[in-house]
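The following pair of complexes shares a single chain, chain A, combined with chain B in the former and chain C in the latter.
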Partner chain A sequence: MARLIRTEKEVEGRYEEVWLVVEEDSLDQWPAGPREIVGRDAVRLDGRERATGQAVYTADLVKPGMLHTAVLRSPHPRARVASIDLAPALASPGVHAAIGPGDIEQLTGDCTYQGTAVAAVCADTLAHARTALRAIACEFEVLEPLLDPDEAVRRGSLLGQPRERSRGDYERGLAEADVVVEAEFRTQVVLHNSMETHQAVVEWIADGIEVHISTQYIWGIRDAVAQGLGLPPDKVRIVCHYMGGGFGSKNGPDDYTFIAAELAKRTHRPVKCALTRREENTAAGNRNATIQRLTVGARSDGTLTALGGEFVNAVGWDGWSSGTEGPMQMLYACPNVKTTTYGAKLNLPPMKAFRAPGFVEGTFGLEALLDELASKLDLDPLELRRRNHTAEAPEGNEYSGKNLLECYRRAEPHWERRHEVRARSTDTVKRGVGMASQIWYGGGGPPSYAWIRVGSDGRATVVTAMQDIGTGTKTAMAQIAAEELGIPLDHVTVTLGDSDRGPYAAISAGSSTTPSMGPAVRAAAADAREQIEDIAEQRGLKGASVADVVDVLEDSQILGKGARGPNPAGMQVLTFGVQVAEVAVDIETGEVWVERIAAVHDVGRVINPLGASSQIEGGIIQGIGHTLSEERLHDPATGRLLTTTLDAYKLPTIADVPEIVSELVDEPDLHLTNLGSKGLGEPPIIPTAAAIANAIRDATGADVRRLPISREEMLRALREAEARQKEKVGAPAGV
Partner chain B sequence: MELRRASSTTIDGLPVHGGTEVVPLLRAGLLHAETLVDIRGVVPRDIAPGRIGGGATLAQLECDPEIPDVLREACRLAASPQLRNMGSLAGNLLQSTRCWYWRLNWPCRLHGGDECFARDGEHREHAIYANDFCASAHPSDVAAALLALDATVRTTTRELPLAELYRLPTEDDRRTTTLEPSEVILEVTFDECDRSVYLKAMERKRWAFPLVGVAAVRRAGETRVALAGAAPIPWLLAEGLDDATPLPRNAYKVDVARALVKRARATIGA
Partner chain C sequence: MQLTVNGHRYDVHGEVGTTLAETLRDELSLTGTKIACGEGHCGACTVLVEGEPVLSCITLAHAVDGAHVTTIEGLRDHKMIDAFVRSDALQCGFCTPGQIVSAVALVESKPAPTTEEIRHAMAGNLCRCGAYPKIEEAIRTWQD
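On to the complex of A and B.
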């Protein structure tokens, strides 16, 4: 029976209260461990299409008569358009339409960050559109930008109110400490750099609109486009069959969708608006920089007595102040915790969610701080974490499931390698091992729906308007349906990616696709299976295979439907893990390279171990880039961006990728849905930076405090460690 | 824009070989041309001991046992396999700086303006020598290797020491090479050496321009050391690195260079 509930919904660590109609989740979970199909390796159903170029991404899409768009974006972080003349662009060859400030809400002459969209031109070819764009006469009045996050906090230029979170008595906790460690950590701006840039192809058809878009959230785009254009949502069709990466940056329609919509309306043609790589790396979002001023107090046995921090998120002009303090608040049993988080509003391009926003940055600070503490107390870093492990959520709610201690136990053999790794050091190349813990959300939630149809050939099609953003969830859904129906995996097709062809499906963000969609798919398959069992009974074929039961049905179909049930009431659904990194540091040149990372994560039941290992590897590689080489720089005086191309912005190459060993605890979360599965998209990137930084400390004694750990930062930290050592040695005895 | 195939070494237009540098510069609006002239048919690409055609690709050089270590390694550590398959030796010598201000077409001194934005701005990859007027760093690994080899360059009009192919930009003349617009490098020659090595520091393991590249060549008891990524042009090291003039945020490059020079010298028995 449908049930109306008021519940908390979590996405990327942000909670909101919502009304939901949920259906009871009446299925029992499968027993733990691999099943016939679920829990066993499955290659991607659409791997061949993707690898051979048959898969049509939004970037590949060409519609008859389609026009191409070029967008004029402010080159200045803060400026006012003093004058603009579109006439020369309209007179340029091949041009069909041009729009400027005020024509739509998304185009403005009030530029508050570099990349603010000012005007747009569409033409029969992209080259014509670009030529025309250059012909626009636009004069900017350049204004003084606000760029410094601390200055923004001082001036009160903030996004939202400062977030104060406190439990216990922080000051007393500090007073009770035998040792107090303070440190300031800084993390840089990094760019998502999805292979497929942000883009949409928009066409008005009859009284509605069709939008092909590279997106993580078909239904969110549908609502946003409907609202933005004043259309009923059922007149808006959103299509995304294949997606070339999003990492959190493709949750909304952004300016390009509305630009294409307006130009399509004016020209009566389909219009594509695709960001160039430079636009992508300017105006499509980023992981914002942070400043973290952190304090930890502990007794000499390592028991934490106080944790505190001031976190400044350099958000940019828009976005939100993400939960950088989250790991400090949530990871350990510390009774006294006090954090303040500011979201600095700056004349810099808006942040967007980027794979565990806030927690990647906050885990770097917290877990590096904890190792500085371990080093002061001469405690084993893994033992320090064990001593401060908490079985109960420090913020009140119960955990639905937590196997962090089991992660630590499985990490031990990797951790034990540190003696042998250190022994391989030379005079100039020092080796060491570091670890860091991971905590994050990833429980997904309702609503999400799936349909299924089974034909008389015993083959099934899952129909749901979800998106597979490249993670392989399409394959996971097929595995779940095949398992529940008891049919071979290759007898299941999954149809997704089209809001006109299937029911509502959740956003693919916050590690939620599998835990949100999987239970709905299983429920739909179970609905069909029960009907098939009824037929079997009537045919006297109880226990027979699906194919044998349905073979006489000819054109009849068995239709099943399923919905995602509610999350467990009063419980926190979280994911956990640990990573152990082995690094080498050339202490003369400051070069750092990673030689091995072992990752152990606890995300409940694993649907497809092969797909899961890909997620872990991808997260770690992205984490290595974040830790060692990636940084978006801006000119300190003007705020203009300097590293928007892939030669200047250094993603890791395959040569930078170490041996990666991935392991999953694979215990179903007994309180969570009919699957017990959580998401794995984000967890693997969370502890990587801290594990690497801690391995550097193990190797060299140097405290790195800034990402990326460039040669400059590495050599600075080494010099500081050397000076500290000299001071220690040089100190008079008895003092 | 028109593309023409060169029929002789008299070039009327912008010469293009592998295109790995010219095409991005054209697309970024940093180079302009009515006519592109494909010179692949007229520039020699043979490799003989001590003599290399300007059209030889880096990919050819990186695996040729006749090539001295310093040059072979400089080629191997440059760019990516795809780029090395296309990029020519001569083109590599004529690369423009990677200074982001220059690449983004800021009105800097190298573009004829009156300010070096890098000096007061972001300069962590920039020059630690001769950076007074313009702090751009020369990106060519190959040029440093050939400078250490004391190579000679033969062009369509003359022969000159490789060191004289380059000039520091000045108030009156902002160019960094002495090549005339239609002049094309045909060949590079150098004497045999006893031992040589190229060491390179970059921001990731592969496919990055040098933060510092160190080329060292030992020949008849003499050692010649040249640096890539250290000055607006390939830089011949006089003594140690004590005379470097780093900027506030790139002093680390001096430390890196010092360590690599020490290692390079040790490797070749200097």
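On to the complex of A and C.
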């Protein structure tokens, strides 16, 4: 029965209170461990169409009469458009329309970051649109930009109020400490760089609008477009069958969707607006930089007595101040914790969610700090973490399930390798092993719905308007339906990607797709299965296979529906894990190689071990890029971005990949839904940077505190360690 | 101009300055070849010209007038496709056609490449999802 409740909804660590109609989740979980289909390797349902190039992405879509768009974006971080003349663009060959500041809300002459959209042109071809764009006469009055995050905090240029979070008595905790370690950590801006850039094809049809868009959230786009254009949501159709990566950057419609909508309205044609790679790396979002000034106090046995931090998120002009303090607040049992987080509003492009926003950055700081503490106390870093493990959530609520100690236990063989790894050091190449823990959300939640139809051929189709952004959720949904119905996996099809053709489905962000959608799909399949069992009984075929039961039905279909039940009341649903990294450092050049990473994560029941291992590898590889090579640079004087191309911005290549070993605890979360599954998209990227930094310390004694760990940063840290060592040796004994 | 693409001969009419990628995608509707950066940095647009991998987004169509071109559409029955699917060597799939074309070029000249050879030949094909370990596995096991 449907029930109206008021509940907390969490996405990417942000909570809001919402009204929800939830249906009881009446199914018992399957017993732990692999089933017939769930828990066993499955190749991607849509792997072949993606691999052969038959999959039509938004980038590939061509509609009859479709026009192409070029967007004029501010080249300056802060400027005012002094004058603009669109007439030369309108006179340019092939041009159908041009719009400028004020024509729509998304175009403005008040440019507050490089990439601010000013004007747009649409034409028969992209080449014509680009030529016309260059003809626009636009003069900018360049203004002084605000670029420094600390300066922004001083001046009160903030997004939202500073966030103060504390428990216990921090000052007393510090006073009780035998050892106090303070350090400042800095993380850089990194860019999502989805291979398919942000883009949409928009067409007005009758009194509604059809938007094909590369997105992570079909239903969020539908609502945002409806609201932005003043349309009833039912008149907005959002389609995304295949999309080429998002990583958190494709949750909203952005400026390009509304630019295409306006141009389509003016021209009565379908209009495509696709970002170029350089626009993508300017105006499509980023993981913001952070400054973290951290303090830890501990007793000599390693028991934490105080954790404190001042966190500055260099958010950019817009976005939100993510939970960089989250790991410090949540990971350990420490009774006294005090954090303040500022969101600095700067004349730099707005941040967007990027795979575990805040926690990737915050875990680097916290877990590197913990190893500095371990080194000071001469304690084994893994043992230090065990001593501060907490079975109860320090902020109050119970955990729905937590197997972090089991992750540590399984990581031991990898951790034990450190003696052998260190022994392989040479005079100039030092080797070492480091570890870091992971905590994050990933429980998903309602609402989410699925329908299922079973035909007389015994085959089933799952229908839901969700998206598969490349994580393999389509395949996982098919596995769940096949398992519940008791039919072979290749008898299940999943149709998704169209808001007109299926019920509401969750966002593919916050590691939430599988834990949100999976229970709804299972409920729908169970609904169909129960109907099939009724028919079996009437036919005297109790216990027979689905195909045998339904074979006389001809055109009749069994229709099932299912909804995602609520999350366990009063409980925190979180994911946990640990990674162990092995590195080699050339102490003459400062070059760092990651040689091996072992990952053990606890995300509840695993649906598809093959797909899960791919997610882990992908997260770790992005983490390695974040740690060693990726950085969006801007000129400190002018604020102009310097790394908008893929030769300047250094993504990891196949040659940068270490040996990766992954393992999942695979224990269903007994309090969470009919599946006990959590999400896995984000956890694997969280501990990677800290594990690498800690391995570097193990190898060299150097404290790296800044990402990326460029050769410059590595050599700086080595020099600092050398000076510290000299000081220690040079100090007169007994004084 | 004339191009022989996947064994079919076409008369094509791109303006001067049209890239091979644009010709394939816009004129011949062969959209399996992807454009991800448009400036030769990522490898998503890789096709074979006379059997050699080239970046079609920075190759002018006029420069390959008369050539034999193989795109992902011409490799649908190649065992490398099965190997990629079997090994889960793709996630979002946008870079995958380019990866497969590069991989096919490699194994055509070196049917059993070493890990080093795979990494060398494939280093120009970026994959942001990080499917690299499985891409390597697919190329190692493509003949299975």
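Criterion: the second predicted complex is superposed on the first by the 735 of 735 C-alpha atoms of A that agree within 3 Å, B and C clash if a C-alpha of one lies under 4 Å from a C-alpha of the other, contacts with A are read in each partner's own complex, and residues count from 1 in each chain.
What we mean here is this: contacts are C-beta pairs under 8 Å (C-beta built on N, C-alpha and C of every residue); 3 or more make two chains touch, one makes a residue touch a chain.
What you are looking at is a predicted structure, and each value in this text was computed from that prediction instead of being measured.
When both complexes are overlaid on chain A, chain B and chain C end up sitting side by side without clashing. Of the two partner chains, chain C is the only one touched by A:Gly53; chain B is not. Looking at the shared chain after the overlay, A:Lys650 reaches chain B, while chain C stays out of its contact range.
Judged by the touch definition given at the top, the superposed model places A:Ser629 against chain B, while chain C stays out of reach. One of chain B and chain C touches more residues of chain A, and that partner is C. Using the contact criterion defined above for the overlaid structures, shared-chain residue A:Pro349 touches neither chain B nor chain C, since it reaches no partner. Overlay on chain A (Cα): least separation between chain B and chain C is 5 Å. 645, 647, 652-653, 655 are the residues of chain A that lie in the contact sets of both chain B and chain C, per the superposition on chain A. Interface residues of chain A, counted against chain C in their complex, comprise 43-44, 46-48, 50-57, 59-60, 62, 125, 127, 192-197, 242-245, 247, 276-277, 469-472, 610-611, 613-615, 617-622, 645-647, 651-655, 657, 660.
Every residue of chain A that touches chain B in the complex is listed here, in rising order: 586, 588-591, 593, 628-629, 633-637, 640, 642-643, 645, 647-648, 650, 652-653, 655-656, 710-712, 715-716. Listing the residues of chain B that touch chain A in their complex gives 80, 98, 100-101, 103-104, 117, 120-122, 124, 201, 203-209, 211, 249-250, 252, 255-256, 259-260, 262.
Only residues 15, 17, 25-26, 29-39, 41-42, 44, 71-73, 75-76, 81, 84-86, 88, 90-97, 100, 118-120, 122-136 of chain C touch chain A when the two sit together in their complex.
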